[in-house]
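Lettered A, B, C and D in written order, each chain numbered from 1.
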């Protein structure tokens, strides 16, 4: 039978589509929960200190290969650190970096997006000019400069990623606000004499929060992969912190030499996390978009 | 309409001005090119000498004034590292970047559009998931890793493709794929959502009511409409690709703009960084401007709103 | 009596939610028939299942909808037994439909000629050139001035009324036996609306079309239709000749509708004169769906849904009172 | 050139140079084949012009191919007369008489004369150009092949700078340069070296072709291609695929692969940049680093040998000095022993029996791998630090602006001698000096005015002793630069010239099967 799919409108325009999954995305959410679990209990789960190694036992392969042992189940890296322990602690670093960076970007972007969209005029001009400038500056360039200014540390990487990516939020949220402004309840609130601040806080924010959440899940992936690229360019999370992106950048040389476990394991972790976040985001799009709740 | 365009152009120029100040200051506060042109511990005389040669002994505002004045004269200055005009460098690299971006975009659309259509037409089916996940994978893996795995497999192991550099078509394949794959997810998503939107439209309903075969409904009526936003995005992304391919260009030793910029940053080659960022910014601002104006021409509501 | 062109028997279409827990009976046990050349009006409030019924006849339902029971006989064939491919060949060729929003029904990126001629090319295998020629003729027959130039223009170059008529031209392009018009005039202003209705009637006469006219405007029904089916909550609550229903409505809902009849001039979108809300189709009351709003409801109405009573060969109604009233009237 | 060890005064005889020329002179067969070199940095056109030579070693990679010098480092002789047949210093040290080799031709066929030598020296504006200009009075040309460089005052280091630490002694054709100008010269450089410039594509490659008329010998290989491949993994892949024959800078585990892949060879060359840890807070009485025992402990904690094995396959030279071994006035110090027990004991004596949190460990991102290992070593004895790798430009900016704290991992490959190195890194007021000791400053001031070389050497040795005794630095090593060589190469040229990390001299390189 031919299919006519109901007309749907995207809340988040153009950057990503609305997605339909059969029910709850069980696998992606389980993966994310697992990563979160590992991140929280890293201290208990990790068999070794992730930051300490010894050159005497560098490049040990995973246990099932010749020369590997169960002491270091997934092998050791170029400084002789346990790859499994680094992956486990890496979950924490990547989760913290990813989520906080998205929060930073999301808060700045949502706030400015709302102000820009609702207040219009002068405020709008300032915010939009800044976003234009930001967008014209390649993200990595910007990140390298910021890294040079503030120096590398986990916290600074979070700030950098947040500062690089807030504009994406600002643009989307502003667009949403512009259409919300035309809606009855906002007009009613204006007529009822609510202050602009109250309207933005009480009426606009709750209505854009869904889009912000959806965008956040999609941005999580972007942020984590960017973090890896920054490490590749030498301005990411500083070693010996076990971040997945850093592990990949550090281990990339090993790839050519047959030490595949150095990059493949963190690669799988990043891939699973990013894929899951994206699939969850796409599902949330459908769930959180009121226009799609009818069926 | 004229007024609208004039205003948008004005904003764009303002943005570019902000960009020029930002990049001018950024590049200066974050490092000293002289310390990179000599070994640490070089004699103060040599350092002073180089500083004078590069014009870094002048006060900041004077440097900025000089930079802006030359910019309006169409001169972006001389590279500290290469000691040749930045524009020369830029136009030597630009064809490579354009080529890479164009092929990468073609590959990206080749992945993104079919998987997007499949995802929209076969919602929740096997092909939906397969296409979706394939397109998303490009986004989920760091480019440097994808690049190295490709080199390892196609160059070292199979020996089919040259590992790096530029030259023939074969040189282009791996970097273009790596770059294109990263962007494929965005094109897939937009194709999918745009396709779904179009499929829900009245004219698609009518096309079906006419008794057209499904292939004709999708391939003719829906696709052509659904591709409009995708092509718009592709246009913007093409410009973006030219400017952000640092990682791919580094891994594959591709002599493009991204690497020029990256090396400019690492050497604090102020004129190169300023020049590349400003030209890149102008390109992006211009494309956005064009899109805005085109949409305004199509949709009068936008004009009223802003 | 000749066998009707279209007869629907006990036709039901349900929407099933993804989890399978919610079932919406959008079309429920509908029995209708229509003879060649006749016009059947279907009226009802928004959400009463009119449009779903139309799409059910064409088997062009959304993914979540299922035709759960019944038969659809068209020219002696059961449409429900046809394969998707066979069904596709029915659409546009033997049964055509004009959509609610003709303004949006034309693809903005293709020429008028292409879109009007398309069914001819697909169904009759006509060449591009001959389809083009036929399209010009069709435009002329829907009273489009200078069709030779219009044919190579794009939809945005046309006025609303013209696009409306072009959609009509698409509908009749393959000379179908049955044309379904789903509220084709709601988006038009009054003069154009009247012109369009006249056009439809002319076309019907010229081509011997059977017409199903879906509307909520009883004024139009009075002008256009031979038969009338009144739908409420997915069911046909009353069915019969227009003149009989207007003069002697059997169902309280029909009476309420007639009581709130808008004039032609009164282009209201909703029938709001009846108090209360239509029921939630997913959780229907056990009895008659109209009972909560019905001024004449009694206990049985609320406990047990009434079957379709056939009062005479041209009068059927779903109301416990109908047979009683009918006999009362007959007696009087 | 960084490699020069001692300054030769007096006559530089013909002997060594002539011998090298004789023994290495190959057959007169026409050059054939192509050698492709994978280069780790972007080649800059400034490097085609000796006059622009900055104070880094990289440009010499190209100078050795396209140009020739009056005197330059050659195999077996760090100061081999090349374009000069002899160089004689006058007894009072005020002038140097050069006698040029006859019949030397530039790539355009013109003969190299004393005019070109004078022009090149006067035109020179790169590193150390000010020192040269300040001290050189004038250049007298006697005839096309004889000239005298006169100094304003005796300058014992003249040859160090003229023949080594600058590009002033590398000769460009005066007539040609005047004709095409500086810009034109960079676009189509002409020199007197064994290879002539063919084409240059920025960011991609430089192509050179053998110059049949090279005075020393006819190069064996027809074409030289320098390909820019910035990523070292990609460089290795290109070498494995025989896309290139020589891959510069293959580090760490990638070098292991060179050993493992049949046909590939590893070519380590010792550069002259020592690496060290610096303790910028040692002058702050509040800081734990104020205690010399703590600084010594840090040095004892470093397992330099294992680090060397792991990161540079044992090819780096462990050192106990921040001065490179080939510098004038160098005083050899053995590398400190690896003795964690002693380190812990010293720490305990200093009141840190349980170790202490030592703050940050700053380094240049490109050498964070050293830092990662050092970090583990330090932690093992109880010095807990956090690695803070800074991107190169930012690192040196912060280092020189004295913004770094706790531990700094530094390095220097600057030209000069032990005095210049001490000036920048030890003596009061130096660019990278966060604090100083009066006795050292005194010694430094003393040597600066000492004209007697032997006395100056003694003073500088005492200074080096003090730097060691006070544990101002914890030196690590002189880093080995490891390159890979493919199966087609016979003589790769690595290590022929002491202290030079690139392949040279190019005319001596050969491919297999092609004599």
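To be clear about the criterion, a residue touches a chain if its C-beta (ideal position, glycine included) is under 8 Å from a C-beta of that chain, and two chains touch if they have at least 3 such contacts.
As the structure is a computational prediction, the values presented were derived from the model and not from experiment.
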Would you mind telling me which chain pair, B-C or A-B, is linked by more contacting C-beta pairs?
-> A-B
By CA centroids, point me to the most central chain in this structure.
-> B
Counting only C-alpha atoms to place each centre, which chain is farthest from subunit C?
-> D
How many Å are there between the centre of subunit A and the centre of subunit C, using C-alpha atoms for each centre?
-> 50
Between subunit A and subunit B, what is the gap in Å from one C-alpha centre to the other?
-> 21
How far is the middle of subunit B from the middle of subunit D, if each middle is the mean of its Cα atoms, in Å?
-> 39
What residues in subunit A touch two or more of the other chains?
-> 2, 4-6, 22, 144, 148-149, 252, 255-256
Residue numbers in subunit D touching two or more further chains are 233, 237, 391, 393-394
Which subunit B residues touch at least two other chains?
-> 30-31, 123, 144, 148, 152, 156, 201, 205, 208, 214, 250, 265
Of all residues in subunit B, which touch subunit C in the complex?
-> 123, 201-203, 205-214, 216, 221, 224-225
Complex contact set, residues of subunit B against subunit D | 30-33, 35-46, 49-50, 53, 81-84, 89, 92-93, 144, 148, 151-152, 155-156, 159, 162-166, 250-253, 255, 259-260, 263, 265-268
Listed in rising order, subunit C residues that touch subunit B in their complex are 58, 60, 63, 88-93, 96-97, 99-101, 104-110, 118-119, 122-123, 167, 170
Subunit A-touching residues of subunit D, taken from the complex the two chains share = 232-233, 236-237, 251-254, 256-257, 260, 303, 306-307, 309-310, 365-366, 368-369, 371-373, 375-376, 379, 386-391, 393-394
Would you tell me which residues of subunit A are touching subunit D in their complex?
-> 51-56, 58-59, 78-79, 144, 147-149, 151-153, 234-235, 238-240, 252-259
